[in-house]
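Across the two complexes that follow, chain A remains constant while its partner is chain B and subsequently chain C.
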Partner chain A sequence: MHISEGVLSSQILIAGYAGTCIGVGFGLKKIQDYKIVRTALLSSAFFLASLVNIRIGPGSTHLSFIAPVGLILGWGAFPAIFAALLLQAILFHFGGFFVLGANTFTMAFPALAVNLIFGKIIRKSEKKFTVMTFSFLAGALAVIMGAAIAGIFLYFHR
Partner chain B sequence: MKKFLLANLIVIATITLTYPDMQEGFFTGLSIALKGGVIYLIFALFVFPKGFAGIYKTLVLMHVPEKLRILILLTLRGIFILKERFESALISLKLRAPEQKNFAKLKSFTYVTGSVLLQAADRSERMERAVKCRGGFGGFNNSR
Partner chain C sequence: MKKIFALLILLCINENPGFAHGVGFREISMKAVALEFFYSTGEKMSYCDAKVFSPNDSKFAVQSGRTDEQGRFSFIPDTEGEWKIIVNDAQGHQCEAKIKISEDKIVESNEISFENSEIFFRALLGVSLIFNFALLIKIKKYAYK
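Moving on to the complex of A and B:
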């Protein structure tokens, strides 16, 4: 779900950066110093997961750790995903620098939303089945929300 | 093969330029390609040649918060750690079960991913302790 460079209009790019700046600001404030290492490792896991392609039938897809990152980090998902996408833009030219804001918001907002919706239930529940069900729902919802936000950005790009 | 591709390109260009409905899409595609090329060219000329140290200095110049800079550097370190672990886990999986198919393959792949994540969490705790032993992030500045 990387939106390529040059596709979105400047208004959408600015809106994306505005949303991302707010999220990253809150996220950086909420991350305690001793949790930076864990955030960084989850960020690198997010980076690597999107490079692993899996063939399903005639097509192929890649893993996305949106839900796990969101469920574990909460607001910290914004800076984690921002860092991962920045490195992807630098190393592999996936996405780009100007669409970094929009791409980060596309993936980090669902992560945060999933945390707010399912985080408490998953953490408090002691039954394995409940945890599995809500984790699956969280993952599915995160992917759907990510696709929906990317779709909205692309719809209003002109 | 090159001639075939060129012929195809000419046919597509002719069709898109002669049909008025397709012209808009053609020019949008062209503008996207140009924008993307120019943006990448700017960064390729001014930022990429400096390497990661240069990119880090660019972040400093852009007044990016220190926490975020540390996060980016640690993420870069974490990528190499996880890549190494993941590759070794995949190799061992292939050696143990070389002819797995479809669902079984996906299932074992999930197990590998999960175990790598747990190892990463363990490693992060050790890294965190090591950082504390070295005096924490205090004084982590541009000079390093």
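Moving on to the complex of A and C:
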């Protein structure tokens, strides 16, 4: 779901950075002390997930980890995903610096959204089946939302 | 009658390349530049839109087409200078190749390629940097307390 450099218009790039700045600011402010290591761990998992390729028929896809990051970290998903994407841009040339804001928003917003929608149900539920069902729904919704946001951004491409 | 005759003559001299020109081909021995486009995961950028921009005009593509199944695309540069090739998969991925051509050969390019061992070390460096960021935030939070 990484959008490459030079694809989006400058307005979308600025809007992406604005949304990301708000999210990262809130995330860093809300992050509790004991959750910092957890955030780093999930950020690392997110950073590495893109390198794991899974073949599906003639094509292939990679893991995204959007929903787990969102469900566990909440607002902390923004700084975690921002750090992971920044390092992916530097070390693997995924996306780029100008498009980092838009890419972070594309993945962190669905993460936060699934936390707000399914977080409480999953945390409170004691039944394994309910947890698994809602976790599956959270994962599916996160990917669909991410693709939809990326699609909206690409609709306004240069 | 004269007017109708004049009109008929005008209709006869109307130029239409479809009627007048034949087509043909011949083999040429010019050196083409062939490039291979891929994702950083190693997957080929197959059947993606490709545009070639000459050193003289960066706005209008001199050639456009698609990469083949193997993500390859080739063109024949006719002037010296920096040529730009943009390949876009219409799903948000775009690769911009810049190559400097001099005397029918590439003298400089912004080629990007990854070795497997290099990916492993970069991944390790990335994870290490993330934990260092976390440590910095933790130290800063303690400092403010």
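Methods note: the second predicted complex is superposed on the first by the 157 of 158 C-alpha atoms of A that agree within 3 Å, B and C clash if a C-alpha of one lies under 4 Å from a C-alpha of the other, contacts with A are read in each partner's own complex, and residues count from 1 in each chain.
As a convention for this text, a contact is a pair of C-beta atoms (placed from the backbone, for glycine too) under 8 Å apart; a residue touches a chain by one contact, two chains touch by 3 or more.
Just so you know, these numbers come straight off a predicted model, no measurement behind them.
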| item | value |
| --- | --- |
| First (chain B), second (chain C), both or neither touched by A:108 | neither |
| First, second, both or neither for A:97, with chain B first and chain C second | first |
| Touching partner for A:150 - first (chain B), second (chain C), both, neither | second |
| Which of chain B and chain C A:12 touches, first, second, both or neither | neither |
| Which of chain B and chain C A:24 touches, first, second, both or neither | first |
| Touched partner set for A:63, first chain B, second chain C, both or neither | first |
| First (chain B), second (chain C), both or neither touched by A:84 | both |
| Partner chain(s) touched by A:2 [first = chain B, second = chain C, both, neither] | second |
| Partner chain(s) touched by A:43 [first = chain B, second = chain C, both, neither] | both |
| Common interface residues of chain A - those touching chain B in one complex and chain C in the other | 4-7, 28, 31, 33, 36-37, 39-40, 43-44, 47-48, 83-84, 87, 93 |
| Chain C partner contacts - residues on chain A that touch it in the complex | 1-7, 28, 31, 33, 36-37, 39-40, 43-44, 47-48, 50-51, 53, 60, 62, 83-84, 87-88, 91-94, 150, 153-154 |
| Residues on chain C engaged by chain A in the complex (per definition of touch) | 40-43, 86, 88, 91-96, 112, 114, 119, 122-123, 125-127, 129-131, 133-134, 137-138, 141 |
| Sites on chain B touched by chain A in the complex | 31-36, 39-40, 43, 48, 55, 65, 67-68, 70-72, 74-79, 81-83, 86, 106, 109, 113, 116-117, 120-121, 123-125, 127-128, 131-132, 136-137 |
| Residues on chain A engaged by chain B in the complex (per definition of touch) | 4-7, 24, 28, 31, 33-34, 36-45, 47-49, 54, 63, 68, 79-80, 82-84, 86-87, 90, 93, 96-98 |
